[in-house]
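Before anything else, here is the set of structures, which you'll find just below.
Common to both upcoming complexes is chain A, partnered first by chain B, then by chain C.
And then the complex of A and B:
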């Protein structure tokens, strides 16, 4: 029921039966757009609640527990409040860019949902350069942040945006190299092929130590790329009040907020796809019975489980570590992570050429 | 002092050489109150810091001049609200010294125990707030868990959680709560078992250490010349603990160490406060089982009148040396009163230690100075 496997083909067959191909494609596009918008909203609500609950349990609190059972509807109430709030535009702000910025950030998040394989045969767009597409589109979000910081006409926003620009551009390199290690091992940029290559074992187990190093580098780099603590310098609360979105209020602020969580989801989904086999169940060597039982768990559950585990990891970072200083942040990337990831890529290339991986 | 239009004019335009002038405060998450810093930046590097005061000035000194010697003590709770008990103690000591009032031993012991509890509570709050300045949210809740036990003890004993107002000239307002000793011992056990959590979460954290080590260095000479006291001066190696140098109450009967560090950076200031909490626990442990029986308040006249002259006492609050200076004309109210608050001198050093650092360093320096704005502004 949760495997979602046949749904896409069934829908397409039915549409082709009823309409001509162009019409069918248009209807499919509309369905996909509606689905991704609702997924965007739903994920935002779920992840915000999850963040608050995780934070509460780490901080020996209870977290939201009044609205709905166990506080389930707290984020719904918060969203309602944000929708009804006045969206102030500061005087002397560049109004066009100011209004545009949250949508740019949101659009990037939505575009990135396209190549992700949510379950077996359940993918919006199985593009053959999936990994390249992801890394190029995700670097667009910095434009939205810079736009917000510049258009706000606020010094805190400007400082936050500048920090964010330096940070995201730097850490993309490490994230890119970590992703490349898996591309080198698989020999393909297509996400579905990367998943299929992990049928007999996930890359984090098959790729020896370099894959583990690549995973660690990836998690650090994407934490920085999504502006999460300990790399949340762009919105460093105690330093820059709220950084690039200081002047935003109401729904415009909520879009930034949602986009942050969608970005976390996406980077974790990609991390799960690359290193933990996406929707592939856990298979151990020759344990036939064990493998068979694992196959019974639907692929969407595997995918979501892995993704949410990585999301939990990133939330755990946030509520444990203090924030880095801006020069330490850049030192970490350029002096440590980048050389390590370059060397790691070299190592993986050697392993892949000599066929040392399983 | 600037007037409002001058401030706006000063800061709304770019300074010379591409400098960016930015207003931190009076409403800013890191200034913990209504401190207003006019910070001149070059990129992320700090060129100049100018603190502006006056947003929470309540003219407490003037107010005290129209209150009697019994009444004015309670106004001082509102100065350094995190060491309110110790502020009250300083004022009471001055009156007792001026009028030669005998304080019973029981009151002395209880005053010291409560002073040390206040000190721990203040340091706990500082620990959480400072970690928050550096971007770590969780230590705040861990620190408040222990602080909550102290405020509960205070509520039982004094009826208030923050502004205790428990001290009267000659002793205490009323006797201890029967559960006092039991609860304090429970707190000590809890604190000792949980202090390792701070070590794991904050002290040994590599990011925390890299954010604070070598940041905001204050030399011993500068600490003396700026008039720094308390943990700020002790972190630079200046021995200035009033409890050791001029022992009051029963501090000469208990064993404790004056915590000294030599580095003078933010991490040293952090370590001094954490170790001071352990020393305070040591003091409480020595006293809690030995509270003598007897009266909790000495015999005093109904109307207190200080003899004509000038009086000064000092006590060690959680932030440093708190001095009370009274000029008396022999009446029922002080003729002139002046408080020497530790926060004011400690704030004045901020420009000296933070210039040349980054914005992130300013948070580490300011956080470890442990500023309480109502104490600075009065």
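And then the complex of A and C:
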């Protein structure tokens, strides 16, 4: 049976056989870096195409259908165009920060990749404070966005960046509380342990209604955190031209665009890990035969399937809901999501202490 | 009381959002609803709406007869001088002189498809046609004579 775990062990054994441990570790680092960069590039291409296709089908259109079979190579062509375009820097912009900002945003995405379990025992860094690491690092992306907005020397960029700052800082709270409900149920911050705790059922089933509420809150909060519609005030094409990346062009713009999709992938991957059991196959009670068949599907396929389902859900939101106003956005967070998530956390704590979950 | 209002707010909000998602989800899962016309490929079967305004034409019947009396109402109605009616006098067999059109010149490159000439025409001699592939390399090809050569006015049209 196909498993990524076997490949990694084989590679490590071979490297340790050929080189001394330090050299082997260095080579492994290089391999990991190359793999994560290629994953980024691939995800950018796939997700942009997926977004355009989903958008088109929701709006009763066909979407890209000219480049390659079914428009498959549309995003490749777009990327080639963006690479060849001139990257303009505005005259009065802060050159250093302007050039640095896209890389900060990308770097946050790359850092977040570290604790995610892509398959059984296939994880870059199984850190024991994984959830805390994720929530702390993901809030760094606001620095990149503020940097981009402020350094552009453009009123639209500045407004977009400020809105983005208010949005990310406030929605981080309810996202954090939603994640905490699962931490309370599991009793661990380590992502691999959270996944292992879901061997006999995913938390969204085991945790009753509070887990479902936490999942809904999580999805709403991360949609806001990744600056996507209906919370795309930071970009708001109709009001701010393009928000914080108004002045960006060429490859720098592509990096921002890529970072948006990488962030979606990462938050969906974390959502899948916490609520849908990560790479854990679907097991139902005592149905031995059914469980056995489910075990035959590779764990990486399970993980990717769940993640892409959540990504589809977020895209579905984007192409259905109208954009919120700033006051509505903050009302939603401070008057609805935060009190509900606090109450929900209390409920989950009671359930976990009394052992009412399965 | 406040709590009740709060919960109703949340419930109505969520249900209305779900209603919207149901609609878009229906469209997503039913590709037969797609209305995209893949234009150059489906040229033969392309369907345009009846009210599409592509150019002004003058319908002729099987006897090569039209209903234009040469009253120049269309020329007067046109805001940018697109139509030019050249009239002549025809002598009927009884020796009566009657005004008729020699040529009705229509300059497509000046036309904004505003439909005013069609509205102004008292005898419904001209109408809008759904043709839109008008690009040519030579501008003079856009100046068209709408009445066909040898055509004449239908009997009984005054």
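Just so it is clear, the second predicted complex is superposed on the first by the 356 of 358 C-alpha atoms of A that agree within 3 Å, B and C clash if a C-alpha of one lies under 4 Å from a C-alpha of the other, contacts with A are read in each partner's own complex, and residues count from 1 in each chain.
Assume a residue touches a chain if its C-beta (ideal position, glycine included) is under 8 Å from a C-beta of that chain, and two chains touch if they have at least 3 such contacts.
If you're wondering where the values come from, they're calculated on a predicted model, not measured in any experiment.
S.K.: Classify the contacts of A:60 with the two partner chains as first (chain B alone), second (chain C alone), both, or neither.
M.R.: Touch status of A:60: both partners.
S.K.: Touch test for A:188: chain B only (first), chain C only (second), both, or neither?
M.R.: neither
S.K.: Using the touch definition from the top, say if A:316 reaches chain B (first), chain C (second), both or neither.
M.R.: second
S.K.: Comparing chain C with chain B, which touches more residues belonging to chain A?
M.R.: Ranking chain B and chain C by residues of chain A touched puts B first.
S.K.: Which partner does A:155 contact after superposing on A: first (chain B), second (chain C), both, neither?
M.R.: first
S.K.: Just checking: does A:200 make contact with chain B only, chain C only, both, or neither of them? Give me first, second, both or neither.
M.R.: neither
S.K.: Of the two partner chains, chain B (first) and chain C (second), which one does A:8 touch, if any: first, second, both, or neither?
M.R.: Neither partner.
S.K.: List the residues of chain A that touch chain B in one complex and chain C in the other.
M.R.: In chain A, positions 58-61, 319-321 sit in both the chain B and chain C interfaces.
S.K.: Touching chain A in the complex: which residues of chain C?
M.R.: That would be residues 9-10, 17, 20-21, 23-25, 27-28, 31, 33-36, 38 of chain C.
S.K.: Enumerate the contact residues on chain A facing chain B in the complex.
M.R.: Chain A residues touching chain B: 55, 58-61, 155-156, 159, 163, 229-230, 232-233, 236-241, 319-328.
S.K.: Along chain B, where are the residues that touch chain A in the complex?
M.R.: It is residues 20, 22, 28-30, 44, 131-138, 140-142, 145, 201-202, 205, 207-208, 210-211, 358-363 of chain B that touch chain A.
S.K.: Under the touch definition given earlier, write down the residues of chain A that touch chain C in their complex.
M.R.: 54, 57-62, 65, 316-317, 319-321, 336, 340
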